[in-house]
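The chains carry the letters A, B, C and D, assigned in the order they are written, with residues numbered from 1 in each.
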Amino acid sequence: MNSTIVVPEEVSAGEPHAQARMRLLVSCPDRPGIVAAVSRFLSDADANIISLNQHSTDPAGGTFFLRVEFALPPERREGFAERFGLTVADHFGMTWRWWDAAQRKRVAVLVSKHDHCLVDLLYRWQRSELDADVVLVASNHPDSRHTVEAAGVPYHHVPVHRDDKPAAEAKLLELLDGECDMVVLARYMQILSSEFLDRVGVPVINIHHSFLPAFAGAGPYEQAKQRGVKLVGATAHYVTEELDAGPIIEQDVVRVSHADDVPTLIRLGAEVERAVLARAVQWHCQDRVLRHRNSTVVF
Amino acid sequence: MNSTIVVPEEVSAGEPHAQARMRLLVSCPDRPGIVAAVSRFLSDADANIISLNQHSTDPAGGTFFLRVEFALPPERREGFAERFGLTVADHFGMTWRWWDAAQRKRVAVLVSKHDHCLVDLLYRWQRSELDADVVLVASNHPDSRHTVEAAGVPYHHVPVHRDDKPAAEAKLLELLDGECDMVVLARYMQILSSEFLDRVGVPVINIHHSFLPAFAGAGPYEQAKQRGVKLVGATAHYVTEELDAGPIIEQDVVRVSHADDVPTLIRLGAEVERAVLARAVQWHCQDRVLRHRNSTVVF
Amino acid sequence: MNSTIVVPEEVSAGEPHAQARMRLLVSCPDRPGIVAAVSRFLSDADANIISLNQHSTDPAGGTFFLRVEFALPPERREGFAERFGLTVADHFGMTWRWWDAAQRKRVAVLVSKHDHCLVDLLYRWQRSELDADVVLVASNHPDSRHTVEAAGVPYHHVPVHRDDKPAAEAKLLELLDGECDMVVLARYMQILSSEFLDRVGVPVINIHHSFLPAFAGAGPYEQAKQRGVKLVGATAHYVTEELDAGPIIEQDVVRVSHADDVPTLIRLGAEVERAVLARAVQWHCQDRVLRHRNSTVVF
Amino acid sequence: MNSTIVVPEEVSAGEPHAQARMRLLVSCPDRPGIVAAVSRFLSDADANIISLNQHSTDPAGGTFFLRVEFALPPERREGFAERFGLTVADHFGMTWRWWDAAQRKRVAVLVSKHDHCLVDLLYRWQRSELDADVVLVASNHPDSRHTVEAAGVPYHHVPVHRDDKPAAEAKLLELLDGECDMVVLARYMQILSSEFLDRVGVPVINIHHSFLPAFAGAGPYEQAKQRGVKLVGATAHYVTEELDAGPIIEQDVVRVSHADDVPTLIRLGAEVERAVLARAVQWHCQDRVLRHRNSTVVF
């Protein structure tokens, strides 16, 4: 059985009389009747579907993806997940998880010196534009402490010494342990080891300052100038072991010309970076992103 | 009862053993259980949902819109529509229609002198990029006859005399009667009367050469130059009695500068016009567009 | 004689041995020889042209616009403007001004409750991305005081009482007098009187939250939702007596859909507003914008 | 001396009394006085500058690029080029060429099976939107003969046999010899040898169906789907010996999603390809593109 149950702890603790807004995410081999089975289950549980998105890579033999957002009366939440597992998920061989929309995701941000993405995320959070909370920031530089603490967020300076990177990663893991639901690399210029990625236990999203797969690796704007491209871009992706090669969540570009030197590319690119990262983080926090092999379905 | 049945004639004539691909479009007052009821009905009819989109203007007291594309075994098509009406649609007070995806919509194009949108539609049709067939072209000018006939489409020259517009409209209605499922105004520079719109009996889509509601009426590029805008655009919309004020299906823009004179705006705008109109026609022909008051839901 | 000399006070006070980077802006009736005359004058003064842009509305009888950026040896600055006036400008009937690029423009910002444009301008200024200095902020609300003062900028709360708007304008004029080279209305939701505009004596740039001329006036996002447009935008323009009708400097749009409610339009629009306003302010501060009737030439 | 004179034959053959519109293109080591020297030369020749663009990669030690469009009285054309060479170009070590704007460039198009770029170029040419003439089309397939001949353009079927590519290239060189000013590869799916590029003697522009340098080589849309990118694009570039690595003239992208399969990417990409190629060809034909190492300056 390949179905996976991820039940947030708070599920049974909600306010007793309010309708909870839940999100159900499913992937499974495609076959007839999935939407009907899910929506019948929800209807039988007096759940009201608020939005439903589905995608199939191929109706014949492909993979089916589903996201349903629904309102569930509090008295129907008891045993809801178990019943879904038994009566629907197992039958279709689903990998699934659900999430209480009221439970805002806790975001940890790692940053180095360039703070434009960090500042942007903090500002969106303060304006209540982010369906998540920034709970801590860690950096290999001390520079952004004032900005972060002024926003009421703890700032941890975790220097990275060239000859002892594992020590820095261990320190980060200690800080992050149990504190966050996702990690955002908001221009964190250190490569994280696969051990770190294994042990951190939550999704890690990175913003790369190029339109991947063009200009992976270091100095993408210098590479872009060298190659004479007419657009520069940014890519938000899940971090995997292979550098700059994880599943892409969002990308965008901006037009440039021969007249733009590298500092100008960097400035123009920074606009795209912060916009692209903000969209990717928001979509992830709204449970809109499903991974499929090395790509994503974004509902 | 406000439900409306539109059953295409060919529904029972399909190839006997093939799965038909059908589209169901629904709008009704929003309330819990609609998706469940529809998907249960489809499941009970052995239909396999291929895609499903829904939208609610407001879960409390708003209007609900649904588009489902599904495969239906041929032996289940007999009486399908009647059963849906009785068991689902009436219960929810639905306005609904369905359409066999194999039945390509028949498009009549009206054009004046500027032929870029016409040429583009013909080319997309010839490349099989349009889920529709261009079945006739009519124009108040003789200019495009060669282009149209070379594509194997009948061309009708219907001159419009300033002092007898009703005669031209009567001639057009005669040509269109029963021949088409929609009319596209591909830069047809005559204003159609409300009598014509009433009598034509099929949706009429127009391309207006501005980003509506800016620059409605005549000479939009001249108006745009006069106002000094930095973007010019185009708008595809359903035609209603009120000029350039019908529900918008699609819009797009292109960047311009002080250096672009009116002929250049016209040339740049023509690119946008043909792209916007092609998208609007394609979406309409795929039954992706539902009207809601004076706007549209595009799935 | 219609030539106008605007010589910044600091012109003769620059560092003695450095090459000054100057900008010359010219408009005049078009006729042959203007570029040659200007560039010959600059060459004779040992000035090195760094960039040169020109535009003519019509080579026959139109208006000619020129922007030249050049490096001028300090020992050649004495009398430079007077000589240019006598030997070139008067001959061609030029309206002209020049500006020392090293002299950063002083920007005063007026804001109401929505602070996204203000915060963005402050952030760009702090990152040295703005070729200008934010020297003061005034608001009819007290809300942004902390943000502004944290950036080291004076914040003035100038309440506007419905029955005594002139008092507020008088207070603003007093604050602004001699303190700034331009005023930016970064979502300042009060209409300024023509008396104010006359007396303030510097250019005033406003950001309007729609793609003008669509949705001028109040509540543009509500108007946009009502009309069902598929793109929303923002417009930066010079403020004139007529509301939302001044010369447009920059515009941009973002795609929206039926699924976006008014708060979402506001959030998406805010992204465009801050980007458009930042570009307009930057271009103005780099002396790239020339007014021509009710439109602009942006070099 | 590194200055190069390219004088079009027709220069002295123009209509005797008309003002000729000429374009001068220059590149040279940057140093003070270049614009002044050129504009003084033009002024002394009674030439009227219509537009002037310049760019320097670095005012100190960089390369300077200039494009001037000017009107020249016919009686001043005699010896114009020689004088410019002697009095200006040699002095500054310029590489330069000029071109009579009235002399439309002759374009040869090579195409394989996908005809969307070809059809688009023909249509723009027929609408007089291209400042060039399509003089011949050659293809390794017979498919587009009807389309091309209907436009009044000769069509040459030059099959390419896997075991004798040189024969096909020889045949093409024979067809092109002296007949065209540039060659456009409008989705020509054969790799041209460096011998061909040497011998063809005119610039060759290719449209690659990806946002280079991402997805160079074969099957870019398949590569894009595999990688899960959120934008697909197209790149027009000068062809050099190294496949898909020549100087980029223009690029653009279109947004795609997980729901788009490879045929849809191909269809969406085709829109971008034809737009990007048309812009690149037009700019080249207007002498707006200067090569600099492996990139371009586009005025």
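Methods note: a residue touches a chain if its C-beta (ideal position, glycine included) is under 8 Å from a C-beta of that chain, and two chains touch if they have at least 3 such contacts.
Since we're looking at a predicted model, the values are computed, not measured.
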Self-check item: Furthest chain, CA centroid comparison against chain C
Solution: B
Quiz prompt | Distance between the centres, which are taken as Cα means, of chain D and chain B, whole angstrom | solution = 39
Exercise. Quick one: report the Å distance separating chain C from chain D, using the average Cα coordinate of each chain.
Key: 37
Quiz prompt | Junction residues of chain B, two or more chains touched | solution = none
Exercise. For this assembly, give the contact graph shape among line, ring, star, complete and other.
Key: complete
Quiz item: Which of the residues in chain D come into contact with chain B in the complex?
Solution: 116, 119, 123, 127, 129, 150, 267, 271, 275
Quiz prompt | chain B partner contacts - residues on chain A that touch it in the complex | solution = 32-37, 39-40, 42-43, 46, 48-54, 56, 59, 71
Quiz prompt | Touch list for chain B against partner chain C, complex | solution = 55, 211-215, 227-231, 233, 247-253, 257-259, 292, 294-298
